[in-house]
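My structure is below; once you've seen it, I'll send some questions.
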């Protein structure tokens, strides 16, 4: 069950409304690195969490925080859109500045939402919930969360660098700090699950003797000239999961050209395919 | 530049065609955990790689491998669909078994593709390229790759458990091994970049003194009754990035209820909103 | 700001797990009539609310409730999926019953989510946030909310009729009651805004003398034979907004066939189009 | 069956082509509030209409009208795009004005459509037919139609305010008038179905004694501090459907924390989850 | 402007309602090969047609026909869904036959549409208007139309083969005939435009001396071993457009490995990338 | 199996980075006419090819080429984005030129990809793999390929006309030449399959006596006034497939108004619909 107090987790101030920056902020709401994504991802991971209940609690608690971040950003978008023109009043249409401002907006922020935030990204593309990764495997979920917070913090620092509005910089310095925590938090959860040597390869419940272990720690090269691929930590030394040793191989095709056979009659193929 | 020999990386054999299993395999082609996703993700990460060129090579080399995996799985889908009915011939429509088979298919595999594979998931939803994470930050990309291979291997083991066809089990035991490698490979890349204390928080190029550091390592609780959230590795001890110490806080709203002010005239609001 | 207690608003019990019903329930989570839609719609409407703050409060308060409904339904889906097979163990693949169960599932509930709920509809299509209607016009938003709760309750009663599990029927009888309230609640909000004669036509802030009033209350017929369209309340009597009288008209085209003129040189058209 | 005469329902004139306004007009074609949506929504509602045939006629007749509106708007978009540059001719690339015009376009109107209209919104996002609400319940459909025409008229007035081209203002004054009619028309249809007390709660065919009536007219509060939510018409007095009385309640969780139990073996979870 | 008479272009009869076949028919409505696609494609091509007006007329006239085909198919879907269960009445849930029927449906046909047609494909995926190809080049449009009618007729014959309902076979034999005509019609339009040697390469308005003509008629081989690709009509003889002669070449990379240079400071990259 | 050498098929040079042109180039990567589409379309057609194996080889060989084209274009996008601002440094926010540049970008190229290419179109919409036409019918596939290369070359010439950067013009003159070849190549494949009289109507495996041949070569008119539609090559003379003669007909509805009958009880309809 969820509750609200209608207040903001952190103050949202805009000194100089900037409609272009409103557009950029939309990425942090409805982009694939944005807050809807993490809020809903943690929410659904919590709902499907099996095993130790502390992970459900951790996830649902953080989902609640992220809902509050959407609220902050939606407020920031609306405040930045204050500067956008909504009416020509017989003069704006010919005004290149107003026109440039209009041209640089997500038009839907104006036309569909009346100068408010929307669950879309910075190019106006709606968020698609297929980005909610909730795999039923708690460790895989944690890796997805580290990734989400990593791209999320990259985005937040880009936004920070794009504005010189003090209010916006303060808000973003808070959100960046939270992303720092959340990156660490999900890595800590992986540590709580035992760290790399216990957790990986994910899922650790699958018996590795059932996989073709000859290829489990081999860096395969697919260079056209048959040369070895450029080496690195991934081609030498103990594997990160501690269960094998990296090596390099140049593979030959083990299978032949596939032959599907003729098309079935009545399957809609050309007669020549039968 | 890419080259092909038209052969399969690993043999694809189907002993007993199973159209339902063909449907399940589609998830490994066009699902968000599937092979199109990793092939294209590594491809685009490679194209945008800046800095040390070895990462571009690593990524493009692995993209080439994943393209071959799509090829293997597409062959497997087509071979499994051999068993699907395409024509009633005056009797199948009333046959409950054939009817059940039809009902359990991705109908598009039959109706749109003539018993071949498609770039869709196991429920027939086409793959959407917004799932290609290529952030311009090499470390964030690596976390996304670990996540992709983790959910990918979870999926592959589920498929392995769903079939008892020996050919399919062999093929999957190969793909599972490759996922083991790729999980390790991307973690090795993070190690090559310096490991957690050098890599995190991502992006490491952003000066942490510009974030609101009071909140950078705090596990905030959002429990309705104001109680502390359930503790764990994430609330105590040194942070995983080594740059702070975890603590728990119960936050109060620092912001007020947002007030956007009245709607602008001519902005399409109700008169009462002005 | 949002808070949680991790508990369910109403008990969720499943007497006999039914994976097919789990699939049907997904519509109430991730369908366009589902709970993600209303939760997020009220949330974004609240964030963009201008004018009297009581509407923001009303909306955000109800958003909090709907988040709890997603939680209930996600639990119900997971509990119903208990009955789904995940492994063949050398015998299930040939078992028509287990096979039929598999065929009737959203495969992603199994393959992507490990027998948990997902933000997808009953055919596995992910929810798309373009369905969040938040127009910046409080009255238009209320009409969208009445519509959402109307289709929502239609869906909930269909689900109720599809199951005979007592736990599920109880849960749905609660959700149906809440939909009754919410239909009434949003209509009450329209009444608070003044009722039809004050609210409509939406937006009421646009001066009607600027519209072509000859056509504002005319039911136009587009019958191929030029006959009058079938009459009804919409063709006779005072208009519902009280500002006009309905009439019927058979329109003639007032415009000609459009002529765009030749294609510009260098615009990618065929030479013959210039 | 449909017929056409190729002529426009209302004259479409553009005095000064404005490519930015073409972009805005795209919202009225392919936006969720646009004409494709209503045309197809009424069309599919008509095709699925059961019961009194006059509703089918009403819906299909209006679908025909809306098809004509798409035609008008598509013409308006093409005429406004006349002003867009298609070729640099060695000078436009360096010209900031032409460049700004290009930057403010839906690039696809130029690159994909050669200066013609497309079924996309004002940010270039294609229309997605999941927005066609056709529920099989005639009253729910009517509420969806009132909502569609309400957001549609809001959009049309915003477009009206954004241009000072006389031809465009005339066209929009016609379309705004038609939206006025259509809002009234669908409300009239609800009246023909018996008005609020007969129609609601939708679906009225579900026996209300099967819902948990204790909660059917209760405005529940989800305020974090347990306070009562802000009152309004929705918390007091007779319900709009006339079947109950509004009241306010502060709910306690009736369910516990959900426990899904351990993960099944072979379900792809971590070993620790079993 | 469009008109309707509410009647069907061809009789739609269903002798034995078959909900599974209803699902298959959905592909012909909302699939990428379906009738919404062609109706809207011809409509938008007509709206953007420049040059000889006879093509606009041809396109809009055929758009009108295709709208009628959607109507026919939507009726066929609803009639076939008559057989689907909507209520358990205390016994259906345990009935494997009814359960199998349910499992094989597009659940949304039942849950969202109340046993009516929807603008979705046979797996329940909504139609996405990005499939409307209207390029502004009349010849390119015609090739897209030939392709649409070719896949459309393939689909229609697959549907024909899947049913033995006489009513459905009759309806499909009509639609298949219309697809025959439409394939021919659009090829005839290409002939009217001058046939291959005049029409191709599309766009014919681009001066071929500006393309790198050395590669304009070369079949390039990308075989890993550097061998020549398998020859065919495409590697020998006069080109189809009559403007060159086919030849085979094995290309070498003409470009080097791309180097993007270091990441900009403040661009969100890792420090090591600068 | 696929291989790479990491080099570019053709040199990619940018003399003056132009972020707006980067946006336009995105259409050639992730637009529906772009290179991802053709690469994946030929790939999946190859994987599903039945019958003469030379078509599989032809398709997979060309898929390899198109992968290299994505690589070239992705490099071109990144090089053109060099000019985009990423940081305000206390001055850019107020600079109208930099602001206009930002406004005209796909913001995601900056915010999500750090000045690199993405699999999105020129308005930032991600590519959707439903555009991969691979029908199982080799001739239908070839028509789809001709269409893809036709719209693709139209796009490439539009891009050519929009830039005056010599490096970009050279790269595009190469890609345009390749599109010329590919249009011819797929038409040559149709010729190899026997040419129009053997190939059409597609699928040629369906016995035409099963279609309603009275309508197979009739150009039907849907003019509102019952007049004949505008004649053309499509209404007179031998059909292009050589199997009939074109004629014109003005059709009358052969079916009546559809009547679906009352709604089932418990199907979620209004009581009045039963």
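Per-chain numbering from 1; labels A, B, C, D, E and F assigned in written order.
Please note the rule applied: a contact is a pair of C-beta atoms (placed from the backbone, for glycine too) under 8 Å apart; a residue touches a chain by one contact, two chains touch by 3 or more.
Chain-to-protein mapping (UniProt): A, B, C, D, E, F = Mn-containing catalase.
Everything numeric here is computed off the predicted structure, so don't read it as measured data.
Shared contacts of subunit E and subunit F, meaning chains that touch the two of them, come down to A, B, C, D.
The greatest centre-to-centre gap from subunit E, using C-alpha centroids, is found for A. Comparing the residue numbers each copy contributes, subunit B and subunit D share more than half of them at their mutual interface. Chain centres here are Cα means. That of subunit D falls 28 Å from that of subunit F. Centroid to centroid, with C-alpha atoms defining each point, subunit C and subunit D lie 10 Å apart. Rounded to whole angstrom, the centroid-to-centroid distance between subunit B and subunit F, based on C-alpha atoms, equals 26 Å. In subunit A, 1-9, 32-33, 47-48, 50, 56-57, 61, 64-65, 68, 71, 75, 78, 86-87, 100, 103-104, 112, 114-116, 120, 123-126, 128, 130, 135-137, 139, 151, 154-155, 157-158, 161, 202-203, 206, 222-224, 253, 257-258, 260-261, 263, 265-269 are the positions where the chain touches two or more neighbouring chains simultaneously. If the chains shown are joined wherever they touch, the resulting network links each chain directly to all the rest. Across the interface of their complex, subunit E is touched by residues 1-5, 47-53, 56, 86-88, 90-91, 93, 96, 99-100, 102-104, 106-108, 110-112, 114, 120, 123-126, 135-139, 193-194, 199, 202-206 of subunit B. Per the touch definition, subunit A reaches subunit E in the complex via residues 154-155, 157-158, 161, 224, 266-268. Looking at the complex, you find that subunit D touches subunit C at residues 1, 3, 5-12, 32-33, 54, 57-58, 61-62, 64-65, 68, 71-72, 75, 78-79, 82, 86-87, 89, 114-116, 125, 128, 130-131, 133, 135-137, 139-140, 143-144, 146-147, 150-151, 153-154, 157, 160, 170, 173-174, 176-181, 183-185, 187-189, 191-192, 196, 200-203, 206, 208, 210-224, 229-230, 232-234, 239-241, 244, 246, 251, 253-258, 260-261, 263-269. Across the complex, subunit B meets subunit C through its residues 18, 20-21, 23-24, 27, 31-33, 97, 100-101, 103-105, 121-125, 151, 154-155, 158-159, 161-165, 222-225, 253, 257-263, 265-274. Remark: subunit F residues 1-9, 30, 36, 40, 43-44, 47-48, 50, 56-57, 60-61, 63-65, 67-68, 70-71, 74-75, 78, 112-120, 126-130, 132, 134-137 touch subunit B in the complex.
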